[in-house]
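Listed next: structures, encoded as structure tokens.
Two complexes are shown next, each including chain A; its partner changes from chain B in the first to chain C in the second.
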Partner chain A sequence: MTYPQPRTSDQIAAGAPQWRLYTKVAGQGEIYEIDNSCTAMALGPESDFGQIQISYLDPSVPTSNLGAVRLTPQYPYGGRIAPRLDTSYPLSPPRKGIVLASLFDNFNTGYLPSGFNVSKMQLFVVTPILDIIGWQQPPPTLPQKRADKTFEYQFHACTVAANGGIWYVLPAFLRRYAMFHLFNNSGATIKNYEIRGVNFSTVSNPNPVGPGPRDDAESVILAAGDIADGTVSVVEAPASTKGMFDAYAIFLSSVAGGNISNAPLRVYLTDDA
Partner chain B sequence: MTNIRGRRPLPNPNSQTLSRAVPTFPAPSSAGPGDVFNLTEPKTFITRPGAIVQLISAQQPWAKVTLTLETAGPVEVSSSSNWTFLNGQGQSLITNVPMDFTIAKGNNLYLQAGSAERVRFTLSPFPWLEIITQVLRGGFSSLATAVSALASAVRGK
Partner chain C sequence: MAFANLTAATYGCAATMYARWLAGTLKADLTAFSASVSPLFSDDNPNDRTVGNWLVIVQAITSQMTAGITADQSVIDSAVQTLYRFFNQTDSRRATGQISLAQANAVLAAANANLS
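The block that comes next holds the complex of A and B.
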């Protein structure tokens, strides 16, 4: 998370017609404070997360006084959510009635692909972005999907070892379609090109599938195989046939080890089915 | 019978109203700190959560206050300095809807919000209302003086 946490009230004081909470997220336990009200709230276009829980002070909820609503790309919230800084949650010590945003998606910062070999593999994890917009006046329309997102890497910093490679872990929470396009123009064969769909777990498992402490589930989208020089690999992963995943893990390696140049890997993600 | 010779004549209660002299009105109060008599004051302010803010004090003359909530709210106003927020004791502002309040001299207007909200505030003075009220007050005063004198005379009879 950005520190200090961005204050939505600064944007309102500056005259903005809406506030925006935009930050990178470093862990599942992060909770963000929103100190301004809004007439409607939705995931922002850059959000990697697909499910955000918004909690607010609601005196009509017994005991906890905590109301909650979940934002998804398909369900923006069209109602007023207001912090109550003039009063407090019934806690000891009391906490001001601020609006809280937290992750509803599972997100494991300690994820390692199963079979990860420290001596042969690099790990490149894209830190997911939390993006929420709160409008001060009813917007003409509420967006019902996030912006499409493209990740592109042309240079792959593989480990210098025989068959040394690199894993890319890309956030894909609730994305409904993914397309993986690899053009090998490197002058050599790319070895063990592999794509997995990953669903993070919050459950600690004494016998995890992967080397990480949690039992993250992996599904094979593309089994490991070689990509000859001068060829293109296109893999489509619609949710209807391949499933929905929290992230995609992509591996590629070089025969001799070391960096791979001129092999653009493009991953295209969209909320459209 | 009572001999009335030598007594002073009774004062004419209409003497002032029959005066042909041009009436004099009290001049409007001069502009000074906090005086809005001759000023239209537009501004936008950010509310402070949980604080009751005084918008108009009782010392200020008649004025029309227009409040427009630019943010989502809730923001409430009240003429009392002590009310429970969102408990039906104040009046809520509506986003993007200008709300006018005509504030007579001697009244207050307070505002309260639960978070930092942006409120557009326009203060428009009513100079003629002050003059009217002062003239009325002056007229009533003259009338009261006359009635009082008449009553004194009757009692002394």
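The block that comes next holds the complex of A and C.
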């Protein structure tokens, strides 16, 4: 997000039939303003996040005057939500009745895989995207899933060191199924190929300075092993048997370190079970 | 134990808030915390609102609590999650310059006075 945040009302003023809040998310504490009304709201197709909290001024809610809706892929919201710029939330000093969007998923911008060795490992983190759409008129249908997402990397910029490698960290919030496909056509063995599912910690510092245990919960999807040249590894991770994660962390390395070329790694994520 | 910084508050507030809930003081503590930090973030300043907007949610959750330890645990969990994000956002917006060091330090002081 860039600040000041772009106003959603500018999109409507420009003639769009809906507004869209689309941004890369810088941290788990981000909170966004929506200054336009809508008759329906849903996660957009590019959203990596699976749970977004929408908070709005609703004088009919006793005491707090705060209405809340949690958007998920399976539950778009069909109903009017509008900012109330004519009135204020009951705070001292008062705050205008703008609509607010915040993350409900756990997210850690500073995540490092356990065992991360800065002298041997690169870190490639995909910054997750927040995508919310609000329609001014009732849409024909409301989407009930995010777009399936595919990440593909054919060139791996591994650290030059013995068994030097690279970690990929990919957002997976509430995805129900993941498939990992690695075809080693690089001409050499890929070492220590490993996949972990990660649930980010909110209750203890997951990134202590210096070496030491880290507290983000990591589950082994594929234990570290070698992939011979000319062979393929396909790993499936349905949530029903492997668990549901905030992210996947994938590691691969080469014998002598240095780049690995022509070894396509494809990761496919979907909301379908 | 006092939070050494906002990172410690971010990840440590769950333990201290549950302790205060068990002691029966969490509603009063959160009310005092909110009252202390709310004037720090002007609603007319877009940069201040990047942090101050969280106080709308803090206030709403606090208002739903009952005093003592009879509150619905889901309300306590919501409060913990909200403060976790509030402290994180305060820390990160200070780092990127949307809010000042003085504002961040005042939030830390209020956290130590009411929630540590």
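Operating definition for what follows: the second predicted complex is superposed on the first by the 260 of 273 C-alpha atoms of A that agree within 3 Å, B and C clash if a C-alpha of one lies under 4 Å from a C-alpha of the other, contacts with A are read in each partner's own complex, and residues count from 1 in each chain.
Note that a contact is a pair of C-beta atoms (placed from the backbone, for glycine too) under 8 Å apart; a residue touches a chain by one contact, two chains touch by 3 or more.
These numbers were taken from a predicted model, which means no experiment stands behind them.
In the superposed model, more residues of chain A are touched by C than by the other of chain B and chain C. By the touch criterion stated above, A:9 is placed in contact with chain B alone, chain C being left untouched.
Judged by the touch definition given at the top, the superposed model places A:39 against chain B, while chain C stays out of reach.
By the touch criterion defined above, A:86 lies against chain B but remains apart from chain C after alignment on the C-alpha atoms of chain A. Judged by the touch definition given at the top, the superposed model places A:266 against neither chain B nor chain C.
By the touch criterion stated above, A:20 is placed in contact with neither chain B nor chain C.
In the overlay built on the shared chain, the residue A:31 is in contact with chain C alone; chain B does not reach it. Once the two complexes are laid over each other on the shared chain, residue contacts for A:64 go to chain C alone; chain B is not touched.
By the touch criterion stated above, A:137 is placed in contact with chain B alone, chain C being left untouched. Chain A has no residue lying at the interface with chain B in one structure and with chain C in the other. Within the complex formed with chain A, the residues of chain C that make contact are 7-8, 10-12, 14-15, 34-35, 38-39, 42-43, 46-47, 49-50, 52-57, 59-61, 63-64, 81, 84-92, 96, 98. Against chain A, the residues of chain B that register as touching in their complex are 44, 46, 49-50, 70-74, 85, 95-96, 112-118. Only residues 3-5, 26-31, 33, 55, 63-66, 89-96, 98, 100, 102-104, 201-206 of chain A touch chain C when the two sit together in their complex. Per the touch definition, chain A reaches chain B in the complex via residues 9, 12-13, 15, 35-39, 80, 82-87, 97, 134-138.
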